[in-house]
Each structure stands twice: as C-alpha cells, then as structure tokens.
Amino acid sequence: MIWQLDLLILTLVVFCGIGAIMIRDLLGAAILFGAYSFMMCLLWTIMGAVDVAFTEASVGAGVSTVFFVAAVYHTTRRTKD
Amino acid sequence: MNDFFLGCSLFLGGLMMLSLYRGIFGPTVPDRMIGVNAIGTKTTVLLILIGLLYHRLDMFVDIALAYALLNFIAVLAAARYFQKRKGLHYEKPY
Amino acid sequence: MEPLYSIRPLIAVLVSLGVVPILISSRNANVREAWTFVAAGLKFLIVLSMLPTVLEGRTVVCTLAEVLPGVAFRLRVDALGMLFALVASSLWIITSAYSIGYMRGLKEHSQTRYFCFFAVALSATIGAAFSANLFTLYLFYEMLSFATYPLVTHHQDAEARRSGRKYLLYIVGASIGLVLPAMVLSYHLSGTLEFSGQGFLPRSGSPFLLGILLFIFLFGFTKAAIMPLHAWLPAAMVAPTPVSALLHAVAVVKVGVFCILRVLTEVFGLDLLASLHLGTAVAYVAAFTIIVASLIALTQNELKRLLAFSTIGQLSYIVLGVALLSPKGLTGGMVHIAMHAFGKITLFFCAGAIFVATGKKHISGMVGIGKQMPVTMAAFFVGALSVIGLPPAGGFLSKWYLVLGTLQAHQWPLLVILLVSSLLNAAYFFPIVYRAFFCQEAQSLFQNTTREAPLWCLVPLVITAVCSIVLFFSPFPFLRLAELAAP
Amino acid sequence: MKTLGLIIVVLVGAVLVYATVDFPPFGDPASPASLHVSPRYIEKTVEETAVPNAVTSVLADYRGFDTMFETTVIFSAGVACFLLLRVSRRRPPASRQYRHRLTGLTFRVKDGREISLPLRDFEPLDSIWTPHDFIIEKVCRYLIPFIQLFGLYVIAHGHESPGGGFQGGVILGASIILLSVSHNLRTALQRMGEKASALFSPFGVLIYAGTGALCLVLGYNFLDYQALAALLPGGPIMARSHGIFLVEVGVGMAVMGTMVWIFKNLASLGRYDEGL
Amino acid sequence: MRRHLPIMAPDDSSEEPKPEKPPLQKKKGSASAYGATFIIMLGLWCVLSGKFDPFHLVLGVLSCALVSYFSADLLFAAPVTGRTFRIGFGFVRYLPWLLYEILLSALHLLYLSFHPRMPELIDPQVLQFRTRLKDELAQVTFANSITLTPGTITIYVDFHRDFSVHAIDRVTRDALPGEMERRVARAFGEE
Amino acid sequence: MEEFLRLIIGKYNYWIYITLMMIGLYAMIAKNNLVKKIVGMNIFQTAIILFYISTGVKKGATIPIIEHSHDAAHQAVRAADYINPLPHVLMLTAIVVSVATLGVALAVAIKVYHRYLTLEEDEILKQIREP
Amino acid sequence: MSEHYPALLVILPLLASFFISAAGWLRPACCFPLAVAALGASLLVSLGLLSIVIGGGPVSYRLGGWAPPWGICYQVDHLNALVLAVVSVVGFINLTAARTHVKKDFPERAGPFYTLYVLFVTGLLGMVVTGDAFNLYVLLEIAAITGYALIAMGKGRAPLSSLNYIFMGTIGACFYLLGVGYLYIVTGSLNMEDIARLLPPLHGSKVVTVAFVIMMVGIWLKMGFFPLHAWLPNAYTYAPSPVSSLVAPLMTKVMVYVMIRMVVTVFTVDYAFGVLGLNEAVVWLAVIAIVAGSVLALAEKDVKRMLTFIVVAEVGYMVGGFWLGNRPGFTGAVLHIVNDALMTLCLFLAVGNIVYAKGNSRWESLPGLFRTMPWTMGALVVGALSIIGVPPTCGFFSKWYLLLGAIQGGHYGFLAALLFSSLVSVVLFFRIFEMGYFEPLGAPHGPTHGQDGTTTVREAPLGMLAPLWITALGLILVGLYTGQIVGRVIRHAVPAMMF
Amino acid sequence: MVIALIVIVCVVAGLVFFAGGTLGLLRFPDFYSRLHPAGKLDTMGALLVILGLAIHQLFPVTLGSALTGLKLILIVVFVFLASPTATHAIVDAGFRAGLEPWKKGDPWR
C-alpha cells in the first residue's frame, strides 16, 4: 500500500473511466477501456492484491479489449454520445 | 533508495497522465492507440517499481512479464480493425 | 347427535363430475343423454339414501383434507342442505329430459359441452348444499359461477357475450371483491370457518364491524340477486331455457340464497343477529327487493325476463323469511326454496316449450295460445298459482309460514309488504293466463296448425306442475326438513 | 433519460457516501474484516494446505466451491456465445477468393470451382480483404510459444507466486487469440479447432468438479481434497496441495478453451471463417 | 503510395464460403525443430520457475513438451540446420550495433522532443526504397530495426520488398537504407 | 474542519470507488449507445472490485504470499503482516464473472446490431415503433 | 449417501451439464436424455432432502470439509427445502415440455440449449441451498448469464430485451454484491449465520442500513419489483417458449426467496421490522406494484406479454406479504412462491403450446382455440383460475394467507390491492377465454356454428400436453394439500420473532 | 554505493527518455511523427529503467535474485520484440485509415 501512488492512479482511473464513457467513437472507447484496465491492474498491485492484478493484466490486455474490438468490428464505430 | 523509487514511480505516473491526454483527446483513433500503447509500456515499468517498493520483486515480476507479452495484443487487434479496410473514411469518426 | 361419517356426500357431489369424461369421449348423442340420465338418477338416489339419516336429526359428514389450519375441505349433510340437495337433484332428472327435448327441438350446437357443464354445475350445486364450512361453500360457489358461464353464453353471439360479461362481472366480482375478504375477516375474528348452529363469529366483536361483515356477505353472494346487484339475472336469460330453468330458477340463484341462509344462521347465528338488530335490517333490504322487483316485472314484455324479475322478488322472500329470525319465518323461508323451485321451473319450462313450439318470446305475442297449447298453459297456470302463493299449489304453504313468521316477529310492515307483493305477483301473472285462454278467436295470433311442444318438453313440465300441486297436499320431506333446520 | 440517470446516480451516490462515514478507517489492521475470518487463512495456509500463496489456497480450497462455479460461469458464457452467434446453415459460395502467398495477389474463382494450382502457395480468402503483414506475422510466431510456456508456468506456480489456473488459462487463450489476430482465424482454427476449444472448456470444469466428486466417492465431503491422500503420496496436507494443483489445471483448461471459443465466435460472427 | 497496397474491392455480395476444411494443413515440424524448441523452452522454464525440485521439474518438462508439440512449427518453420545457428550467431553479433544506433538516434529524437522550436526542425517525409534482402526473416529484422531506430518507422513492406518508411527529419532519412541493410544482410549470411 | 479533511483523505479509496460506480451507473442508465453501456457496465463492476480490494488493505502489510514457506514451521506467521486475502479471492471470482458477462453482452449486442443496423437505443426504439 | 444430498443436489446437474455440452458435439441425440436424467436425479434428491428436513430438521453440509465461517456451507432448513423442491419440479416438468419446441425451432442447437438449461437450474438450486452470502452471488450470476443467453435466443426483439436484462441484472447483482461487501467490511464474515451472529451490536451503524437498502434494491431489481420491473416484460415475452416458461416461474420466485433469506437469516426480523421500520413503506410499494402490474397487463394485446405483467403483480404479492411482517403474511408469501411458480409454469406452458400451434400468442391467433386446442385451453383455464384465486386451485390459498396477513397487520391498502388484482385477472383471462370461445364473431370465413367435430383439431403434441396437464393437476393437488404444506413445512420456517 | 549510483543513473536516464517520449507524444504535429517518440523513446526508457532495476535487485546475489534479474532482462527482450511490432501495427493502421502525413509547411494540427 503506497498511498501516494494510490492517489495518483486513482485519479488516472477516474479520468480513464470518464474518457471511455465520453469518447464519441466506439473503437476509441474500447482502446481507452484497455487503458482503464491497465490502471486498474496497477491499482490492484499497489494495494497488494497481486493475484487480482495478474488476472486483470491478463484479462484486460489479452482478452477483454480484443473482445471489444471484435464486437465493434462487427457492428459499428458510430455513436452519438 | 525506496524514496527514490517512489519518486520515480510518481514521475512515471505523472507521465502516464500526460499520455492519457493523447488517449482521451487524441483527435483520431490511431492517436489514442499511440497514447494507450505508451501507457502500457509505462505500466510494465511501474509494475516492477511497485514490486521493488514492496520488496517482493520476485512476485511482481511475473505480472510485468505477462504485461510485456500481452500488452500489444490489444493494439494489434485495434490495428487489425483498420487493416481490414474499415478505415476512417469507411465510417466517419467523430 | 353423533354425526354419521360416510363418503356418500362426496359421491353425490362427484357423480356428475365423473360422467364428464364419458360425455366428452362419446360422440353419439343417445349415449351421451343416457349417461346424463344415469348420473342424474344416481345422484338423486344417493341424496335420497341419506334422507332417513337426516330426518332422524343426524348429519352425514365427510372430511377430505385440512387445507388451512382450522379449515377443512369437508362435506356435511344437514337438514337445510338436504332440502336443497333434494330439490336440485330431483329437478335435474326432469331438466335433463326437458333439455333433450329443447336442444333437439331447436337443433342447438355444442350439445356435448352443454351437458358437460350442466353436470359440473349440478355437482357444484350439490356441493354447496353439502358444504360444512364457509370455505367449502365458497369453493362450490365459485365452481358454480365458472361452470355456468359457458351455459349462459351458449349461443356464442354478441348478446350472449354481453350477458356473459355482465354475469361474470356481478357474480365473480362480488364473490372475489366482497365474499373473499369477508371470509378472511371472519377467519381472522374467529379462527375457524366451520358452520355451527349458533354461529361461529365471536360475540365480542365490535357491532359495527359485524354489521359491515353481514352486509358484505349479503351483497357478496350476488347469486341471490338482492337489489341493487340483481342486473345479471335478467341478462342471463339469454341462455337456453333449460339453463334458465334449472340454474336460474333452482340451482344458481338458490345457491346464492342458500349461502345467505347459511351465513345468517350458521356464521352469525340467530342470537347474534337478534342481539345486534341486524335481522330487521336484512329483512327490510329483502322487502325492498321484493316490491321493486315485482313492480319491474309488471312492465316486462319478454316472458323470460318477466320470470327473471319474478325470481328476484321470490328469492328475497326466502331471505326475508330467515331474516325475521322467528321459527315460523325460518321454516317458511326454507320451504320456499323447494316450493318456488317447483313453481318457477314449471313456468320456465312453459316459456321454453312455447319458444320451441312457436318461436315466441314476448307476452304480447301469446294472445290465444291457450287454445293451441292447452297442457302447457295449464301447467303455466299451476306454476303461477304456486309462485303467487295461492292454493292448491305448494307456494301457498311457504307463504303461509312466512306470514305466520311476520306475525311471530311482530313485523307488521313486512306483513303488509308480503301481501302487497302477492297482489303484484298476481297482477303480472294472471294477465298472461287470461290472454292465453280467454280471448276472442279473432284476436288469437295462432293458427290451428300450431301444436304442443315435443313430448320430451311436455312431460317434464307436466310432472313439475303436478309436483307443485302434490306438494300442497303432502309437503312431507321438505317441510319436515325445514322444520328440522329451523331451530 | 439523462436527467433521470443523473438523479438516480446522485441519489445512489449520496446513499453510498452516507454509509462511507461509518466505515472502519482505510487500511486499518484492526478492522473487523481483517480480524474475524481472514487471519486463519493467512496463519494456517501453509500448515493446512502447504500452499504459501494464501489467495490460491483460499481460492481453490477453503472457498473452492465458489471457484468451481466461477469456472462454470466462464463455461456458460462460452456456451452462451456459441448458442447466440454460431451460424450453422450456410449456402455454398458462388465464388471463392485465393491469395497467392508470395505475391499477395488475389484471385477469384467463380462457379464454385476450386483452384487448380497447388494449394501450398495459396490461401483461401473470404469476402473481406485480409491483410498480409509478414512483419507482424513473423514476430508473433516467435512470441507465441513463449507466451504459451509462460501461461503453463503461471498455472504450475500458482502455489507459491501470484497466478494460477485462471491467469494461466487466460494467457494461453490469449496466445491463440494472438495467433488469430496476427495471422487470421483460419490459422488459429487449424491449431485449435472449434470442437477442440468447445470440448476443452467443459472438460476443464469437469476436471474440477470431478476432483470434488472423487473426494465424495472416497467418502469425504465434496471438494475435501484430503480424500486424495488415498491416491496420491504425501499425506493429507500434501493431498490438499495436489488437489489444488489438479483443480488449477482444470481451471486453466476451461478458461483457455472458453476464451478462445468466445473469441472465435465474436470475431467471426459465428461463421468460423475469417476473423477480426 | 496507395497503389502499392494490394487492395481488392470489398466484396459486398452476401455469399458465404462453404464449410470447407482449411486447405492449409498444419506443417509437420521436423524432429530437430521439436528438439530445438524443447531445449529453448526448457531453458526459459528454468529461468521462470527458479524451483528445481522434482515436482516442478517434471511439470516443466511436461509443459515444454506440450508447447513444443503445439508450437514448434511456429518457432522453426524449417528444419533446424547449421544455417539456423549461423543466423542466430549473426543476429547476436548484429545486436550491439543496433543498440548503439538506437541509443544514438534516441538521443537525437530526445533532443528534438525537448527542443522549443521543434516544429522548425522536423521535416517528416515518407520515403520508399527497395531492399535487396531476400530472406523474409531478414526483411523483418530490417524492418523492425528501422522501426526501433527512433526517427524512422516502417510503414509497409510489400511483396516486391518495397519499403515505405516514415522519417521524422533529414538526418534520420539520410541514414537509410545504407549501413543497416548491409549489416542485416551480413547477419543473415546474404553477403 | 480537520476531522473533515481526515475523512476526505483517509477514505479516498472509497470516494473514488463511489465516483467510478456512479460513472458506470450513469453510463448504463443514460447512455444511448449499447456498447457504451457495456463499457459502463464493466466500469461499474470494476468499481465494486475496487471497493472490496480496499476493504482488504492493511497498512504496513505485505502481499498475502507467505514468505519462506519452508521455515514456516518454526516462525509463526502473523496475520497482521499480510494483506487480507479473502477479498482478493472474492474479486477474482468477480473479475471472471465480469469477463463472462462482457462476452455474453457483446454477443447479444452484435445480434442486436445485425437486426437493427444501429447500436443507438433511440434509433432502435424508433424502428420498433415505426416498422 | 443421504448426508451428501445437499451437495449432490447441485453437483449432479452441474456434472451433467458438462457431459451434455460434450454430447452436443459428439452425439447430439444424447443431450435430452442426459438433461432429463440430471434434472430427474436432482428432483429426487430434492424430494429426499425435503423429507429429511421434515423428518429431522435442518441439515447442513460443509463443502471442502471446512467449518462454516471459513469454508462454504450448505444450509437446508424448511424454507430452503420447499423452494428447492419447487425449483427442481418446475425445471424438470418444463424440460420435458421443451423437447418438442427444441426439435421444431432449433434442433441444431440442442446441445448448448440443454447445457444452459441445466446450468440455469443448477444456479437456482445453488442459490437456494447455499448458506454463504458470496456463494449466492456466484450462483446468481450463473443463473443470470445462462438466463441472458437463453432469452437472447429468441426471435425478433429478444436480443434487445436480453441486453436490457443484462444491464439491469448486472446492476442488481452488483448491488447485492456491494451489500455483501458492506456487511463484510463491518463483520468480516461471509457466512449468513455468522453475519447474523455478529450483526446485533452493529444495528445502529449506517453501513448496515445502507447494506440492507442496497441489497434489497439489488434483489428487487432482479425480481422485477414494480418500479424496477422495466426489463422484465420484454425479456420474458420475446424469449423462446421453453425459456420463458422456465425463467418466468423460477427467477423471480427464487429472488423472492433470496430476499426472505437475507432478511430473515442475515439481518434478522428484529432488525428489518424493528430497527429499520421500513415495512409499512415497502408494503405500500408492493401495493403499487400489484396495482400497476395488473393495470399494465390490461393494456396488452399479447397473451404472453400480459402474463409477464401478471408476474410483476405477483412479485408484489410476495414482497408485500413478506413485509407485512406477521405469520400469515410470511406463510402466504412462502406459499405463494410455491404456488406462483406452478401457476406461472402452467400458464406459460399453455401459451407455449399456443405459440407452437399458431406461431404467436397475439390476440389475432386466439379465436377458435377452445375448439381446436381444447386440452391446452383447459389447462390455461385451470391456471387462470389459480391466478384469479378460485378454490381449490392453489392460488386461492396463498391469497387467503396474504389477505389474512393484511387484515392481521391492519394493512387494508394491501388487502384492496390483492382484491383489485384478482378482479383484474378475471377480466384479463375472461377476455382471452371470450376470444377463444366466441370464435365466429371476428372470423367471417372461419368455421361457423358447426356441428360437433367438424373442425379439424390441431392440438399440440402429447409431449407438451402431458407436462401441461401434470402441472394443471398439480395446481389443484397443491391446493388441496396446502394444509400439509403449511403445517409441516412453512410453519417451521416462520421466524420465531414473528407474531 | 557505486552500484547505487549506476542504478540511479540508469533509472534517471530512462526516466528522461520516458519524459521525452511523452513530451513528444504531446508536442508533435501529426500521428506519424507522434509515433516516433512514443513508440521508441518509451522503449529505450523501459530498457534503461529495467536494466537499472535489474542491477539494483541483483544484490545480494543469490540464485533467486539472479533469476529475477534474468526475468527482468527477459521483459526487456520481449518489450524489444513487441514494441516495434506494435508501432508498426499502429502506423499501418493509421496509414490504412487514410491519415495524411503532415509535411513541412502544413498548418499546425
């Protein structure tokens, strides 16, 4: 538990989250969601939850973003909000 | 030494925030990809730094290794999107 | 006295349900009708077999399952129930015969369905008569409501649809909206629903609550057609006449009245009613219904509607009699169930016979019909006498007891009302008879070609008419039962 | 909708903030959560299960039942994606495309005929253009074995370092996904067919549940790995450790299979021809 | 520029391919390839694992066998011969130079990055040239080296061995292909 | 005032988890695009994971992997030295569940798109209303 | 073996689901028999468990052999055992009916369908049997994910509805999880009984209050309690028939069970009804739910969709009955879980038959049904009577207890709402019956007043009729044995604190 | 002490590269030119930082720490393999997406 880093990353996480929601492009949102999961992974590491961080790392980097991109690829990038 | 590493990690964190600017406000999707890719590299390093801060680097290095190996799958997938000719002109980006 | 434990009441209830699958599976009309007869006869015999026990003053009890704590699915045959069951099951045989004539005569469709639901309705009626507690009573009451719906809407046209809706709205609406909460409230107050001679509601309940409860019950059993919840009965006259005859003169409406009787005597108990002065209130509600219904009947042109309004009035006699809370009144009210049943069913049979033979429904079109259908109209006359309450028809007896009851209860206004209503009854029945028989040849609307209705129709109505007269001279089982039932 | 959403969000947020005031202090070693149940996990994990990684021992042993269902969740997600997306009825194509591997030129063969040239040099294409970027292809080829080995390593070393069946399984799955993303789905399919991935996932969960059922058959409670001492060397404590390992392998298989399965369905819309 | 890309018109007809067995069968890797993969993997396992008790070693051998069975043909498409080792050796010899180059140009880019008047210094352009490297692996190495060297990025390599490279300014642009190509060729024994 | 500040700083994690959760919830309720909603759903789930992990944190403790397992028989392991592993276990499960939900949700979203050719909820509803 | 029943109950279908999935690839014909065997076995086990519990009181089972606060344990008491029996019965009966639909609509996807089906039932069984708050969440998610997929299988708007369900269901599950987390942070335990033991000193804590509220909101979302019901009608309407007749009877009921379990076992009656004092407000919410559900059902022109709104109203019955906080109310709520599961199953099966024969269940397809599908319509009538609350069908008895509870609690609003909804159901169903009955009205070319047996009877196949009629007869049997159920089972489930 | 100095120098140098990369990412005019600092300077930075950390953690030298150091080197190797590929993939994506490169004299974007 390193609180300075914790605060920093938490702030980043919030920015990332807001960004992923606000971007008016689904591919961009998917990519930012990947960044969000990086941040989360860091956060878990900072709080000492290594196993959770490992899972988040493998899932966030390897799987969930790819799923998103695949879904966006087969649908559309367009979004109104 | 601990304080030094802490400072380094904070510095890296700050840089991540700057990279995130590109990620969020990058005008085009490839720009965001650059930003996020940059964040990914920094994350790898940051993970190792945190491991050092916990004095249990042998436990954390696996996570970093996983990151180094998997980090670019997402980027490849996103790039694949454009390679498959669903370019910016195919659907107007906003 | 020790009750007799037997499954005979259950068999009596189920025997008509039992033939339903046979009815459905057989395609042959004759087989179907034969089975109906068998079921009706069996039912009557089983009911009759319990009569001696009941006349001894014992009851026959059959408990099936305890569905709620303190509430069982239980059948019990006592005098009142026996009286009613006897009427219903005996008339079913006759009505079955009549149905055959009527349905065949008119070449009605979906006769299988008709006979099935008829059987179900009879089951429900007998079940209601034999109910040992409010729950069982409610069960059969609802069963009867739903079983009658297809009968009421038998013609499947727009009018039938409208009437069916009205029927359901009044009957099911009131039973769910009023009776059900009243039952729950009773259960909440007393912890049981079992009928007992003294009533099971606690005496300690607040008078206001009990009063409300009573009126919820009174109006909730809409089948009794207490005004202002009577409108379904005239509407239900779109049904084929046997249905109107058995169900809307005997089974359905009588079940309503029967329920009210049960509630008055065995849920509340006469003592409680007397101590709260609720009897008088009920009596006046009934009296109001009697007068208004009779007045409306005067204005009717369609024969079956006229009979319907007459029924409304007559039903309230029964309620009135019980509400007097005097022994004679009770006896009169109860025996009126039987007397009115025989009288009114005759009238309905006649109306049906006229319809089958001539296709006419309206009174104004029956001028001179007596010449063409003398037997029918004679029976009609007997029925009318019975309903009005004139000797030598059975109706006289019950009215007599009712009058005695009013005297016993010192309710002079009600006596007057009884007499006035008898006059009114006479006023709407006699013109029909008069027009049928005593009109000039020229005014007659019938050619000589018109004959009597088919034999299947004619015989039953003669039998019931005869029964009406016989009952005047020897009302043995019914009067005895009513006296047993009245404490 | 936006206003409604805002109102709900503010309301829920307010409720949550209201409760936060009463929380035990953040990071307090004396908070109830740290004192009641969890100390046993930390203090006894080595004694009782011979697994230094408390997370693994809790995950696969103390609360192993949860994990079994967690794996089942993944499995059911795989089945769900398959059920929703897989296309089974297809019409034969009117024409086919092939690309010459060396030159990258594409040909179109009409009327359902097959190409007569040796297939070694050609690869079938579908209606969508497939990139042929040999830089990415080559690099990924070299990376994938390493990723796979790493995944296996993670599964095998769940006992004493972070990781375990799930993480390793995802990494293994990701290696196949990488193959598909860098080459194309056909290459991945030919390494790990649809049937293989679809059978891997139930089989993995079956290993887990079967281990539990084996304990039950041996007369112990479900998932009580002590029972395995009758079959494996090392006494009841080591039996727990080995039981956990078995279970982790099952989880890894199930997760790998399912991740690949879901990806295949999502990436090719259930057509299993040309992926993302 | 775009003409080099083998782009085919997107086929919008709704036809779908027959469920055919992919004609591309898994290549049967040679025994030498399996063996080499196994050895490499075992080495990696030892580094990763750090535990040398029998249990983990057995697991390691099993895992390596599994990976080499599954992916040997990915790592070594052709049978392992002496050439493979030569290439490996050449590649190792090439690395220090590459690192040095990377460091140099990284410093250059760092200078650009921090320079307050950076927009005037840079002059991004896309240049194209044809390489003489024949081996695909050599091309890949070359392309990745170009990309790794800051200031230049390989955009595309097509089947004519035409490289499209984006260079950030004149200095980096002028260095291509030149020295680097030569060294890669030497490393892969093409010279 | 100082009390208040301590509250703010001391429970920073909890505030952030609430913020994230609200972001996710807002996206799920108010966003128009289905994929955006799915992103919001994931953020929502992550927020809860954050909450759980925060409950397990102990100041001055290290990760819940017991050091020097071979000597453990001799030196007692103190629970206060290690971070509470239970929330981690629970959240591993939660992450798995969220991935599974993500997969299914995306599959369903693809199906929706192929029927209506749009991912915007209002456009879909318009299509449903005016067939 | 009987001591392993609680585990076997869940394990058997779970193991079977893997085999079914594999069989889907290797030998598709085996899928259905395997599923039947699995659910049949778990049905037998659940009945055995019920008899054990009736005979000898609550049973507990330690999974992994760890003692409860550390390991997960299964806790089977009277309440559980009853709901378990209901879930497995409904799952099994519906499975037998599903086969015909599967054969007709998606024969090639039978493998995954049965897999998910069995898993769904497994999830529900696990939710009911578990005594661990977090384990419940995992099983909830199994049931949810399989449910999403099964619903999304449908045609037309099904995917969209399913997606909505995914969002709402996730919010609900996450709120539940959050509530568990809040309890965990103040007690440090996840075992329900352990939490209950630790909670009383914390009754004043805001955390517990909010945990309670959040958890309840989450559960209400999952069960479709009125203001949170928006996802429910669409999801259940557009799902394929065998799915809607599986999900609609079970999901909401099990969630009601979860609510009861949470309030009674975890928070205790004292806290929920005494300290918080929310009951009045919740009962009023239930009143609104009942009225709104009934009124909304009136507006629908599709039988299936109408039924879904009835489900919404029925949820109001159960929630309201439970929150009355007295013995009859509780009894009514639990009894209604049993009864409503069966009634809804009966109705949805009947509608499934109609959909099977006619392609949809809109009003246009109703005319003449009494003539062409008399058996189906007969069962529909029985189900309808049960919903209306006509004795001796079981719907009457739960309504009876609920009414009694309302009177005992002096909550006349709830009483009125119950009666109102019964009346509305009369209108609803008799409208349908009229349409099926007065066939010649709207059909100029249809068969007119035909003679008996002239119109061709296109009744659903026996494979669908038999389950339907078993359910319909079950409705009456359960009604007649209400006394037994209440006296032997539910009476012991009522918490002692209730009066 | 010397080792600490080497470590600090390495890490600081790496951080400078990182900073340069990030700054470049923000400052450069277009997509293509942004890739140069972001992709490459970061890789260089990672190399230096991780090398520094590997040296730091190598002492005291045991088998475990040596292996961990090797793992760190392995990370560098993988980053060096993956990073240019990712960069290449991104630039390819941008190129195919139709982004026009910024040329000298174009308006500042």
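As written, the chain order gives the labels A, B, C, D, E, F, G and H, with residue 1 at the start of each chain.
Heads up, the rule we're going with is that a contact is a pair of C-beta atoms (placed from the backbone, for glycine too) under 8 Å apart; a residue touches a chain by one contact, two chains touch by 3 or more.
No experiment lies behind these values; they were computed from the predicted model shown.
K.L.:
Whose C-alpha centre lies nearest the centre of all protein C-alpha atoms?
P.N.:
Of the chains present, the most centrally placed is G.
K.L.:
Compared with chain E, which chain's mean CA position is the farthest off?
P.N.:
C
K.L.:
Between chain C and chain E, what distance separates the C-alpha centroids? Give it in angstrom.
P.N.:
Chain centroid spacing, chain C to chain E, equals 99 Å.
K.L.:
Centroid of chain B to centroid of chain F, CA atoms only: how many Å?
P.N.:
The answer is 20 Å.
K.L.:
In whole angstrom, what separates the CA-based centres of chain F and chain G?
P.N.:
Taking the average C-alpha coordinate of chain F and of chain G, the gap between them is 29 Å.
K.L.:
List, in ascending order, every residue of chain E touching at least 2 other chains.
P.N.:
In chain E, 7, 10, 44, 48, 50, 143-144, 154, 156 touch at least two other chains.
K.L.:
Provide the list of chain B residues touching at least two other chains, using ranges where the numbers run on.
P.N.:
29, 33, 35, 54, 58-60, 62-63, 65-66, 69-71, 73, 76-78, 80-81, 83-85, in rising order.
K.L.:
By the touch rule stated above, which residues of chain D touch at least two different other chains?
P.N.:
16, 21, 23, 27, 31, 33-34, 37-38, 41, 53, 55, 59, 63, 66, 70, 73, 76-77, 80-81, 84, 128-129, 131, 133, 135-136, 139-140, 142-143, 146, 150, 154, 160-163, 166-167, 171, 174, 177-178, 181, 262, 266, 269, 276
K.L.:
Where on chain H is chain B touching in the complex?
P.N.:
Going by the criterion above, the answer is residues 4, 7-8, 11, 14-15, 18-19, 21-23, 25-26, 31, 34-35, 38-39, 42-43, 45-46, 49-50, 53, 56-57, 64-65, 67-68, 71-72, 74-75, 78-79, 82-83, 85-87, 89-94, 96-99, 109.
K.L.:
Can you name the residues of chain B that touch chain F in the complex?
P.N.:
Chain B reaches chain F through residues 54-56, 59.
K.L.:
Can you tell me which positions in chain A touch chain D when the two form their complex?
P.N.:
It comes out as residues 1, 50-51, 53-55, 57-59, 61-63, 66-67, 69-71, 73-74.
K.L.:
For the complex, which residues does chain D have touching chain A?
P.N.:
These residues of chain D touch chain A: 27, 53, 55-56, 59, 154, 162-164, 166-167, 170-171, 173-174, 177-178, 181, 259, 262-263, 266-267, 269, 275-276.
K.L.:
Show me the residue ranges of chain D that touch chain F in the complex, using the header's touch definition.
P.N.:
1-2, 4-6, 8-10, 12-13, 16-17, 20-21, 23, 25-29, 31, 33-34, 37-39, 41-43, 45-47, 50, 52-55, 58-59, 63, 66-67, 70-71, 73-74, 76-78, 80-81, 84-85, 160-162, 166, 262, 265-266, 269
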